[in-house]
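Beneath this line is the structure, given in structure tokens, with notes to follow.
Note that the chains are named A, B, C and D in the order they appear, and that numbering of residues resets to 1 at the start of each chain.
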């Protein structure tokens, strides 16, 4: 393989730039050329290509976001768009493609592979919700952002003896809420994977109050319900004013953590190796602490499972 | 003076602990005893007192929030509550009181002074909106928190080429919005002190787009309108999806910046000197870069003025 | 088991407080009492004990350092000191002990166990160098501190087009250097586990310079040689002024990262379970991404192995 | 004036990029062209020029270092180098120059002005040591970096009950040491402006120890002596092991604080106005909290005075 391309797709995640850098540098190490595709699959269709050299990825390892931009492009589900993309790629002499994104992006990569254009996938999403890998690039950074925010909110919660509901990202996956809950010592955590009992949350608040603790932090993943809705439910039950904080988009940004950069480096390099070895239609990931690869299809046909032992632990530690 | 008390009141602000520490240590330097009053004016009324020594304020200089807690206590407007507070203070041999808070808290301090109990005020509020001082403790920390959040949001705004409306604190005062707008390079800033022209904001967005810039940051102080409301107005005019982020309570927390700690140290020490000198009913502050003191009344009878030259500059630099 | 004790030993590490908190709360969850031992093994010998309740560990999850203090106490190698410690423990009705520290601390825990007092160990050290576990509490925080420092140094290195040698912790283990090198995109990394070739480092600098890159970051673990020594060697070979930065003690401090807190929570809780189950003389750890336990002896009789694949990758990505 | 140039000189400082951005945008606001000069005065001599537009300064407001690079160039003291620089500037139709740097850089700017080429200066140095202004761009960022480092060191100092000597930047000016000492609650601070008494420092340590405080932080500006030297002196007097941390180059880097960015914006804009108004050979600065301008010569012919009231306060608060 002489020339490959790389793109980012779906929601941006800290560490995507580190992954792009690793793809470019690993490919250059093997004397391959690398083309950056701007705006994800839309750029593939429209031919937004640019040759990347070592200098192009200088000074990006520590930057949040993605230097290749990202975009939603639902049209790419259709055959003609995919064929046009392949036409653009082959016209440039490009022989393989690395797709960095969530499992939604993997579907496009799989379809291109099935139509004859070799792709590999790298899991990049803050939600940690790609099946088949223990870890996705961006999760650690988003998690630390969330925990730093909760640490700040705890300052004011303690000073005013308030209870706070904090809404974090996670439509289908509770990983951010779960890890943040343990890391920030939240009193209760609500995740999409587990049903909740409003009376138990109230009982927990009251138990704390009896013990002299007059501030509490409750974390809710957006997929369960809006923070304001939960606060209202709690106010009805307790008669106490509950504050709400919706962390929102700040969870996506910021310099990636060391871990996200290292994992991005390892997965990016492995993705290039897979293309060289002719192992196509595969996703890289981490299992049992080791770099692995598996069918792209496996990722989007299965559901990610959060580690529910953390949920149990969270309850035990927040007695 | 042999024994003084200190309390924090109103919304908590980073640096309040550093101010408490300075009051305690400066008083101890002059061999005075210091009593901490918990829960602001409510604690004054209820007699929530505790003797503070050098060790009591160890390890707090870098902590957000207030170790003395804060609370709203509207009843304190009434004479009987004030008289009870003075009774509690004098029963403990306390001869003077330092009140750390916003100008609302100054009113209580003035009323106690008028009833014969010597008080001084230290401006502690993230809003920077105390009249008579260029600076309030907590503003610098809140501002840096806001700017760090906007830096993160910009990562994702750039990657997805989105426009963001960011709602920051400031019911009556635009200082946070104004400074944050300049520091983060926002395209538009809306503050309570100035009327806005929705068409000008739209024109600015379109001018950027013409120049190839497809992401923008617009900052709105909560006192102007909710972020969601502004986004809706802009969407109606532009037909483009606008994202919203409400920074909320994280603006209050976190370790104070160096500046907030230094200013807290200086103002805290000066407040103790005023009590020693018998200068009562006064507020400490900063004018022309120097420590000053003035009538408490001056603070709450006048309105704080934001520096509008920053507003003009912001417009010029965001062409 | 009705009553257990917990201590921290060796160099302090961010996340030790989160581990103490987990031990206390998990024990309280099972209705056990917990005694904190101050100053590590010295406190065990001197009987520096204090009963800890839920409130004792409130607000510490996010704090660096260790609330139980730590100290070196070489005398504890001797039998009489160990016997005195056991006497102190049993006099208080304490039936088990959790030791948080590096593998040096495990030796003391093993000796107490052999003398009849049940101990378990939790790996807490920034060096990540405890055999038998993939991960030690504190490593992730120290690593992120190092990477944030290198990011700052890179700003000035780039602006002045300088080459920097950065000395990081790691007497015997290169994990911090290795991970930091990958995460910060260092040009060369020197670790105790691998020999280095000064000419290769020089060649790498020159290759960068040829390509137009006039700043470089070289990371050296303190166990290889002092940063100043490496800089001197490089200056002799290149004739170019090399700057040096020794990160030093800041690597130990700071709020723990989310990962360190979560792992501390999991390991702390598991350690208590081991005591309850009567599994003594064991260390908790992480293998293949799962919580495991194994003989304390295994930890200090074997050497930790750094992941050398990271070293190879680092070289490939810094072409 | 139709076309101006901008350069950065001397040690880099966080906020220099924000100042460059303000110069470019303010000039563009007035329809002037702006040329960036790379590598300071050396680039002026060698003609390293590049036209900067609004896009050139996009996304730099939050970056440390300087996008125009900086360099030492002692040859510029000589007439022929200055004349060559003016020749290069006029050949490009450039009519004015903004120099961002310390007072050393101001000398070059003054000499060019005297030879007929209009210059203005903007104070950019972390040392805060430019005479005639209360504030230099970069000081606030460096100070916060120092304080964050000391906060981390305090974690480990407290846990191990150690005394630390921390060496910070400041060859001739004690501002960083002084402000950091107050902000971090250091026990002693040594600055070039004041003589120190080793016995007083020792007495202070002993007084703390008597009170039960077994950790201490002593800050020394590099201009007084090396941290290791001070530690040795203290060890000789006390017989206690003293740890040393040299913060070094990390003090220069990192994202600028909000304050540094705002001040950079204000001073950058004002510098452009001065050129437009034909007020040349002048430096911008801040006095009494207001933007002012004054003779460049005034800056380098006078010595900056640190605010010694902070020194006194520091002693009082660290009883």
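Basically, a contact is a pair of C-beta atoms (placed from the backbone, for glycine too) under 8 Å apart; a residue touches a chain by one contact, two chains touch by 3 or more.
Everything quoted here is computed from the prediction, not taken from an experiment.
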Farthest chain (mean CA position) relative to subunit D: A
Length of the line joining the C-alpha centres of subunit A and subunit B, rounded to whole Å: 35
Distance between chain centroids, defined by C-alpha means - subunit A, subunit C (Å): 28
Centre distance in Å when subunit A and subunit D are each reduced to the mean of their C-alpha atoms: 39
Junction residues of subunit C, two or more chains touched: 151, 154, 158
Category of the chain touch graph - line, ring, star, complete, other: ring
All pairs of touching chains, each written as two labels joined by a dash: A-B, A-C, B-D, C-D
Touching residues (chain side subunit A, partner subunit B) in the complex: 8, 11-12, 14, 16, 63-66, 69-71, 145, 149, 151-156, 158-161, 164, 243-250, 252-254
Subunit D to subunit B touching residues, read off their complex: 21-22, 25-26, 28-29, 54-55, 58-59, 61-62, 134, 140, 143-144, 146-147, 151, 154, 158, 179-180, 182-185, 211-213, 255, 257-259, 261-262, 265-266, 269, 287-289, 310, 313, 316-319
